[in-house]
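Presented sequentially are two complexes of chain A, the first with chain B as partner and the second with chain C.
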Partner chain A sequence: LTVGVSRTPLQKNVSLASPTKIELTCKLEENSNLKNPQVTWKRGSETISHTNKTQNSWTIQLTISDSSQLGSYSCILKGEVEVSATFHLQVPHIEGKEKPIITYEGDLAVMVCKTEYVPVAWTWYMTNGTELVAINPSSHTNKFQFKRQSANVNRLEILKLTKEDNGIYWCEAAFRLGSSKRRFELRVLSIMAPLKPFVAVVAEVVILVTTIALYEVYSKRKEK
Partner chain B sequence: MQAKDSNPPDGGYGWVVVVSAFVVMGLTVAVLKTFGLFFVEIQQHFDEHASTTSWITSITIAVFHLGAPVASSLCVQYTHRTVVITGGLLAFSGMALGFFGLNMVWMYATTGFLQGLGISFSWTPAISIVSHYFSKKRALANAIASAGECAFAFTFGPFFQWLISQYGWKGALLIIGGIQLNICVCGALMRPLASSCLEASHCKTETTPGSSASWRDKEDKSPIMHKTFNWMLVRRPEFVLYAIFGILAAMSFFVPPLFLVPLSYSLGIDESWTASLLSILAMVDFGGRLLCGWYANLHVTKTIHLLAMTITLISTSLMLLPLANNYLSLAIFTGFYGFFFGTTVAIHITVLADVVGMPEFDSALGLFMLIRSTGGFVGPPLAGLIVDMAGDYRAGFYMAGATLVLSAGFLGILDRLQQRKKRGSKIRTKPEKTTLPYPSLHLLEHQ
Partner chain C sequence: PAPAEAGRAPGPPDGGWGWVVVFGAFVSIGFAYAFPKGLAIFFKEIQDFFGTSYSEIAWVSSIMLATTYGAGPISSILVNRYGSRPVVMFGGLLCGVGMISAAFCTSILQLYICVGFITGFGLALNLQPSVIIIGKYFLKRRPIANGLAMAGSPVMLCTLAPLNQFLFDNFGWRGSFLILGAILLNCCVAGALFRPIGTGTAPVKTQLAEEGKDALKGKITEDGKEMSSALNVPMENKTEEEGGKDCFEKINQYLDFSLFKHRGFLIYLIGNVLMFLGFFAPIVFLAPYAKHTGIDEYSAAFLLSILAIVDMVARPTTGIVANSKWVRPRIQYFFSFAIAFNGACHLLCPLASSYTGLIVYSSFFGLAFGMVCAMLFETLMDLVGAARFTSAVGLVTIAECCTILLGPPIGGVLIDTFGDYKYMFIKCGSVMVLAGTFLFIMNYYNYRMLAKEEKERKTKEEDPKSIRTENEGRKNWNKDSTQDGPELEPLREEGEGVKKEMNGT
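Right, the complex of A and B next:
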């Protein structure tokens, strides 16, 4: 992975799912102000010695074998000015719906989690007060259904919704290097919620149509 | 004293009709345009592919076009008002039943078919009745009515998003269905013009030719032939030329909105700025429609010439658009395109009325919509093919521009034909003072 160094601080996110060897390279732009800078690679306060240096690029090699080795690694170039670039090594993120999911009583709720890499395991949690309780699919087959759409997409369906199903749910994808979570908010409304504005609009239409019809009959009678 | 179709009020109650048509346009086309917001929700809920979900809109658009001729023939037999009210009820039922969201096929039937039929039965008569109510100010009236689409589309975007965030997609559909029920209110306002031929008994007493008393009524008499759906229009070269123009124009019209967003992304413009491009498009579209209506109302230029000019200007903007390389230039060219698109839409129905004449206008409108739809179906896939071959979205814009230039050519041929016929009729009869070229020829045939 190479990052061209220029004035603004650069960041790059790197998703790692399983233990791997990785090379991080910082490369200096051709027409940069810095000439022969002093380069250090750091992770936090710890300095790492770089394993490879060419004319204008500096590389470190890392072996990531567990989650403690994930984090932010920076290359710092000191010369007349100081520039740096940071690689954030992390577990893959989960993509899912950010906005609250709105459903109705008796209906079906759908939550979908998607990742870049295939996780080792998927787990879904619901919140009971402040605790996370894992959802066991086999014990509530007519309430919760898990559908594995593909290896990296997982889908939770909650059937026969009631007001109690309102709340926060979590989907967790476990990778060898750690796990990542995504939060979903489920709101269960009663049917009355949309019905009120609906009935209001229909009432308005009926009133207007009747008024117009009556007005026309009245003006026709007036003409005669 | 009720207004007659042969002597339209050109104002007065006509403006009420224009306002109600404005609202109908908004509640039909603008809803269709904004339906895309429901896509992802519906797709995820039913666990379907994007292509399967997009069939909903395809069905709506297809039924809309196929229903147009049916709607216009129903207009002639029953009144415009009845058909619009029916349309409103159908559209409402489509959305309201969509609320139950049983499965994808249910959505196809409700938000697809019923909604499409409802929109078709509402839109077609609304457009048509405005032309019936006006003659001298027809261009302005049509332009104002068509602007409704832009005005509503502009507000529906954020409004629908808010509805979905408050009530979920199902609840939002229900409420939108209720809002669409207001189409019936608009329909109630569309008082039919007392054309003496809509009552069959009147017509039969006026079939004796030659009497001076029925000289004026001969104009009203022609509707007898067109009480039912009129395929004879296809025999008229003017209509055929205009229909071909319609196909080519439709082929190009759907392309720029499709490719503007990907082109914008490929230039490195981010989501919110791209969304603002679409807002710019809607705003200048609105302005273009109103301005064109006002200008056409001055009767300085013939409507068909005006249409040819606007088409040329759109194709110029489209040919220039690919030159844009940053947000500002893209926004400017998009603005030009949107503005001239608005002017074209505002005037093209008035030109149809001028081409075929009012007695046959209803059937012509329906048939024109049906024929034009083929262009709308062919255009996007063809453009997609060209873009894939060229590997660049700009090719799509060049194709759209070229198609429009071709369509302008047909307008030119049509204009020549009309001028030749006019010269021919001037030699043979005294010219009658009417705004439509046809009645003088009809009188000729009956001698």
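Right, the complex of A and C next:
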């Protein structure tokens, strides 16, 4: 992995799902002001030894075997000015809906989690106060259903919604190097909620049509 | 002769209640064009909910668009029979019912039916009659009226997009569909404004018809067919000789298939069908193209907003320009120019790689798009006349239906095969430049033929040898037949150049 170093601090996110060997390289831009800088690779306060692959690039080699080795690794180039670039080694993120999911009583709610890499396991949690309670699919088959749309897409369906199902749900994807979570907010509304604006708009339509019809009758009578 | 004068149809008001009708058409046309585009916001959520693929959801949009354009002839037949007002009100009701039932759907197939067919059909019943009634209320100021009414589309889109987002964030997709159903009922309000305008009473028509039949049978070929079908009344005179063609005549009176022999109509049809192949694809792919060049989502959405705002201003402005005395007689050339300009924009788009370049492209595209849309129906009215426009618009929309549906998918295929958006822009640009050039050349030919026919007609009128009664009868018939007649009078005052339009109708 290479990052061209110029003026502004650079960041790059690297997603790792399973133990692997990885090379991180910082490369200096050709027309940069820095000439022959002093280079250090650091992780936090710890310095890592690097190798010079070419005249203007510096590399470190890492073996990531467990979650403790994930984190931020930076290369710092010191010369007349100091520039740095950081690699963030992380567990893959989960994509899902950010905004609250709005559903209705009696309807069904769907929460979909998607990741780049295939996780080892998927778990869903619901919150009970401040505690996370795992949802066991076999114990509530007519309430919760898990569906695997594909290896890296997982789906929770909650059937026969009631007001009590309001709240926060979590989707967890377990990878060999750790797990990541995503938060979903579920809001269950009653049918009355959209009905109010609906009735208001229908009333407006009826009033306008009647007014136009009456005006037409009135102006026709005026003509006669 | 007394009957002929008593039968003279009143000229279009060109104002007064007409402006109220324009407002109604603004709302109605706005919903018809903007609503399908506004629905796209809900698709991701519905796709997740039903667990379908993106293409299955996209079918909802396609079915809706196909029904809106494909049901054109049905719309025309209904307007010919019942007038604009009942059709639009029924259409509004249908849209409302469609969306309300869509709120309770439990499968994607039900969505196809409720949102796709029912709402699509309702929108078709909104679109055509709105355009038709403008032709009945305006003549002198018709381009302005058309431009203003067509401006409804971008205005509604700019209103619906944030509204849909707000509804979705607060009520989810089901609640939003329910409320949108109620909002669509406002089309009924627009329809209520479409006061029917008189086109001459039936007994006078039949009297004229008989007079005409005796005097002119055999002399007038195309002219005669134009007039008789324009009267839209069962013509007993024809059934005498052509007893076998009874059924055909009946269909003809509801939907004028003789238009296919009308030179101007055919030119318009071919040119427009070609143009629509490249018309909508760039809008569909503008935001994805912007994201492809590295622009973030909000800036990409902003490009579409610029397009809509420029479009909003361009449409009435084009209407005003098209109404001026220099452009109106040559409005077909202006239309061809607008199409070619549109094509040129697309051809130059691949050269714009930076964000500023894309902003410039969006502005010019908005301008060109607005110009073409504002004159889309005006030019058809100009070619076939307000009387036959009802049938013409139905036939044109069903023909355009195929190319409109094919345009974006072909563009999508080009993008997927080459991995580059520029081929899609080149295809759209070249198709539109071709359509523009075709229309320009063919309309030049058409104007010349019309001038020739006008000259022939004039020499016949001035010829003292021919039977005076016959020609007077014909002259009066020329003047008095429905909307065609009054069009000649106000325009004659405007000078030589305008006579070409008179012949066009």
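Assume the second predicted complex is superposed on the first by the 220 of 224 C-alpha atoms of A that agree within 3 Å, B and C clash if a C-alpha of one lies under 4 Å from a C-alpha of the other, contacts with A are read in each partner's own complex, and residues count from 1 in each chain.
By definition in this document, contacts are C-beta pairs under 8 Å (C-beta built on N, C-alpha and C of every residue); 3 or more make two chains touch, one makes a residue touch a chain.
Model, not experiment: these values are computed from the prediction.
Partners chain B and chain C, brought together by superposition on chain A, clash.
Once chain A of one complex is fitted onto chain A of the other, the partner contacts of A:Val110 extend to both chain B and chain C. In the superposed model, A:Gln149 makes contact with both chain B and chain C. By the document's definition of touching, both partners, chain B and chain C, reach A:Pro197. Shared contact residues on chain A (touching chain B in one structure, chain C in the other): 97, 99, 101-104, 107, 110, 112, 147, 149, 155, 189, 193-195, 197-198, 201-202, 204-205, 208-209, 212-213, 216. Put simply, chain A touches chain B in their complex at residues 97, 99-104, 107-108, 110, 112, 147, 149, 155, 189, 193-195, 197-199, 201-202, 204-205, 208-209, 212-213, 216. By the touch criterion given at the top, residues 48-49, 51, 169-172, 174-176, 178-179, 181-183, 185-186, 188-189, 192-193, 195 of chain C touch chain A in their complex.
On the chain B side of its complex with chain A, the touching residues are 44-45, 47, 96, 99, 164-168, 170-172, 174-175, 177-179, 181-182, 184-185, 188-189, 191. Against chain C, the residues of chain A that register as touching in their complex are 97, 99, 101-104, 107, 110, 112, 147, 149, 155, 189, 193-195, 197-198, 201-202, 204-205, 208-209, 212-213, 216.
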